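What follows is subunit A paired twice: with subunit B in the first complex and subunit C in the second.
For the complex of A and B:
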């Protein structure tokens, strides 16, 4: 256990380092002392620098932490609930619901007549559309989870939702002019920037409630690892536990998708990454480790996506997979087996 | 015996080919080329019984030229003439596919020949809208996937299409049915006057080259006059373009059509040294750093009000042009059904676009001018 505390402190230290790195790197190169001055509201030689640090890079770094940790945790919850290493935060079909909501707002107009409000909709419109979409899917899944005894069936139902919504989205795309298509595709790339402090605050509230709910589940999650029958014999209320886990995941993944779009890969890969590094299946260890690792990986990916020193940026979704996938493959090959 | 026969026939074929090339040399010299001064994408050569229109650049980096023969009904073409499509002129039933084609038809007074258009709701012009409402112009479906059945039913003399790259399947099907599809490349022109000159291309289909030339020369004179007026002003304001989606700023390249207008209006586009196709996507922070104190900001995406911009991102408020309300947009000037007039008319009337910008950047130069496309944001 002492060993694990060391891991925790090292993790927190790396997280702080990654945050500082993330804040100090960007398209505009700002000297380190000016960054420190900006953060402490001291006199800065260029006013735009202070604005960039306080109103753009800092909220972006916080978003990265919330998004990375939230998705990684929901990935872990889903993998344990379904006892399936392929599960991720989106297996319940939440992101499909969100993308359907967004697609209807962006591209629906061309199908139902009238010309769209334009390329640059108010961002709240998309947040609300995405949340509504996720929420409807959540309701359906929860309804199903009370009716159905077999947890695996939920997995299939989630997959079916995904196919259904993607079919509707393709019909919408087929009829959409290129501008709207482009806007939808941009949304599906995900983005951590452009969140104001208010939005970061709202996201934080959802994140916090998701995290607290998951902490309540830890004991039951551990017993689930031994199989549903065994968990039952240990006195776990399976249905209630399933409900809690699904609800926590939905809060996390749904709010993150609403504000940052469907961020790929992190949710699936981080739990595997952590299990390869820390050989433990105790959720008391895994939950904090996954939260830390998710946040760190997201911060690093975002720093790379900004291509420091260049005026261009890359979509965050591309980076998470390009950086993350080789790491997971390398770990698997090195350890020669999957820790699950 | 069979082999000998085969060889003989080969010989015969080659012999024939030899003769053909000679003939084609003969037929090409009586052509009279129509003068094209600003456009790079097309040329028109008139012969006694037919004309040849070549389109060089139907899409960026096109590998081949397209040669189109325009002739009257029943004309015997030289047997050796090689071409991609043949059109019978003067055209009585036409289908065009881009709103930018419509002003040319109207200027040439042949909008009555328009029988079909994809996505008619994007058409803003009142004249053509009246034809659409009267049912004279058929809706051909959405975008590039034209409803082939409806089109075949109309049986137009020609379809003026455009493609962003080779191999548009719909157009291939239409061609197979015998309806010629002609590619229009006006949108690849980088010069504002070059785009407008494509009216001559449309003129050729109606035997109205002279009218087309007169109209174009008028526009060109007006454009150059305005440009000269603007150049007399001795201050050059800085100009920013475009808007953000999430935290990425999209703006036109320095060698684009839009940038050329700003340049000709005697203003300084901040990204004038960039070059490429489409739009540049830049990180928000680098745009803020470079353009925070810029004097004017034009064409901020589809925004028509300061409130909408603030709604989309509070970052916009950091720009001086925003604080001092010096943002101008063309998105607010739309037709009855919502299509932006700028997209339809601007390529054909560069003189109006230039005057709009001069009125914004140097109001003292054109004191009594009322802008057509660009209006201040609300």
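For the complex of A and C:
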């Protein structure tokens, strides 16, 4: 246990370093001491620097922390619930639902005449469309979870939802003019930097509720490691637990997708990374570890996406996969076996 | 109805002379909506007893065990757990009375042995599942009883089938229930380890005074070791001592008689020549 507290402190230390690194990078180079001054509202030599730090880079770093930790935790929840190492935050079709919502708004407008074309450019429209999409998928999945006894069947239903919605998105794309298509593709790249402090606040509330729900699931998640029958024999209420876990995941992954777009790989890869580092399967240890590691990895990915020293920024969704995929491949080759 | 909670008795210290009934059934009929599997079952399982449930494939062994652990509802009659009808007992309370060991090994192999055995303490731990020092003692006791202390820090993926079986048994012991039920605990094991596991169950039932019930196809070994046999055959369930079961010739027509035959002198089945 003493060992584990050390891990925790090291994790927090790295998180702070990663946050500082993330804030210090960007298209405008700002000296480190000026950054620290800006954060603590001290006198800064250039007012624009303070503005960039406080209104742009800091909310972006916070978003990265919320997005990374939330997705990583959703991934862990799904891997344990479905007892499947390949499960991630989006296995239930949440991101597909969000994509469909956004695709309908962006591309459907041209197809169906559109209500007010100008409205569709608004960020909030996209957030609402994407939340609605996720929410409808969530309702369908929760409904199914009450009817279906077998958790694996639920997994397959989630996958079916995903292919169904992506097929509809394909049809929409096929008939869309290039301008709308590009707009949709830009959304699907994901973005951390578009959020104002108010939006970060809203995202934080969803994130917090997801985290609190997950904490209440910790004991049952541990019993689920033994399989559903054993869990039941230990007094676990399987249906209630399944509901809570799916609900927590939806809150986390749904709100993140709504604000930052679909972000790949973090949710799948981080729990596996953490299992390699931390010698424990206890969710009491894994949940905080995954939250920390997810936040750190996301900050690093975002820092790389800035391409330090240049004015270019790469799409964050591509970076997470470019980093995530080799990591998982490396793990598989080294360990030969991926366990949940 | 008050079920005493968290009454922890040191597993080694339970040498109660009086044989108390842990589980009994009255006029129990088991089966599914469209099919009755067996009727009028009268069982009486006492503490310190080792019982084997035997019967051919599809005879209803699992149906019986599932009904006892409240996974299936009886068609008629009742199951009593320490004299309380099981329909009045919550899943949480049952978890303090009955622990199980299954044949399937689809649990997370990432678990370390000690973690896995600790999960047996869940019925007693708080909402976060944090172990108290009492829980830790129970876990160590369970590991000691099965003699797997040296595996404590190994990952389950590094264990053999036989070791896994022992570890799962240790987990059930850590749950500290008066009744342990095992589903075919010897399935993947060679003959030596089959005998080893069954002898260990025998020893445990005596030292811990727990009632241990296991479903098995090892009829020969069960006849040699068990205090009682529960025979499930053709919609009938009989609970008897091995001697009486043989004397009353219940085993003669257990299997179709064209290939094997029960030999009451050697207490085993012989292939017909």
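Quick note on the criterion: the second predicted complex is superposed on the first by the 326 of 340 C-alpha atoms of A that agree within 3 Å, B and C clash if a C-alpha of one lies under 4 Å from a C-alpha of the other, contacts with A are read in each partner's own complex, and residues count from 1 in each chain.
We take it that contacts are C-beta pairs under 8 Å (C-beta built on N, C-alpha and C of every residue); 3 or more make two chains touch, one makes a residue touch a chain.
Note that this is a predicted model, so its numbers are computed, not measured.
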| item | value |
| --- | --- |
| Contacts of A:28 with subunit B and subunit C, given as first, second, both or neither | first |
| Subunit A residues touched - subunit C or subunit B, whichever exceeds | B |
| First (subunit B), second (subunit C), both or neither touched by A:130 | neither |
| Partner chain(s) touched by A:50 [first = subunit B, second = subunit C, both, neither] | neither |
| Partner chain in contact with A:19 - subunit B first, subunit C second, else both or neither | neither |
| Touched partner set for A:222, first subunit B, second subunit C, both or neither | second |
| Which superposed partner A:232 touches (first subunit B, second subunit C, both, neither) | second |
| In the complex, subunit C residues that touch subunit A | 69, 71, 91-92, 94-96, 98-100, 102, 104, 106-112, 115-116, 119-120, 122-123, 125, 127-130, 157, 175 |
| Residues of subunit A defined as touching subunit C within the complex | 83, 215-216, 218-219, 222-223, 225-227, 229-230, 232-237, 275, 279-282, 284, 337, 339-340 |
| Footprint of subunit B on subunit A - complex, ascending | 26-28, 48-49, 51-52, 55-57, 60, 110, 113-115, 117-124, 174-175, 177-178, 183, 186, 191-194, 196, 306, 311-313 |
| Residue numbers on subunit B that touch subunit A, as the complex places them | 119, 121-122, 142-143, 145, 243-248, 281-286, 288-289, 292, 301-303, 308, 311-315, 318, 331, 337-339 |
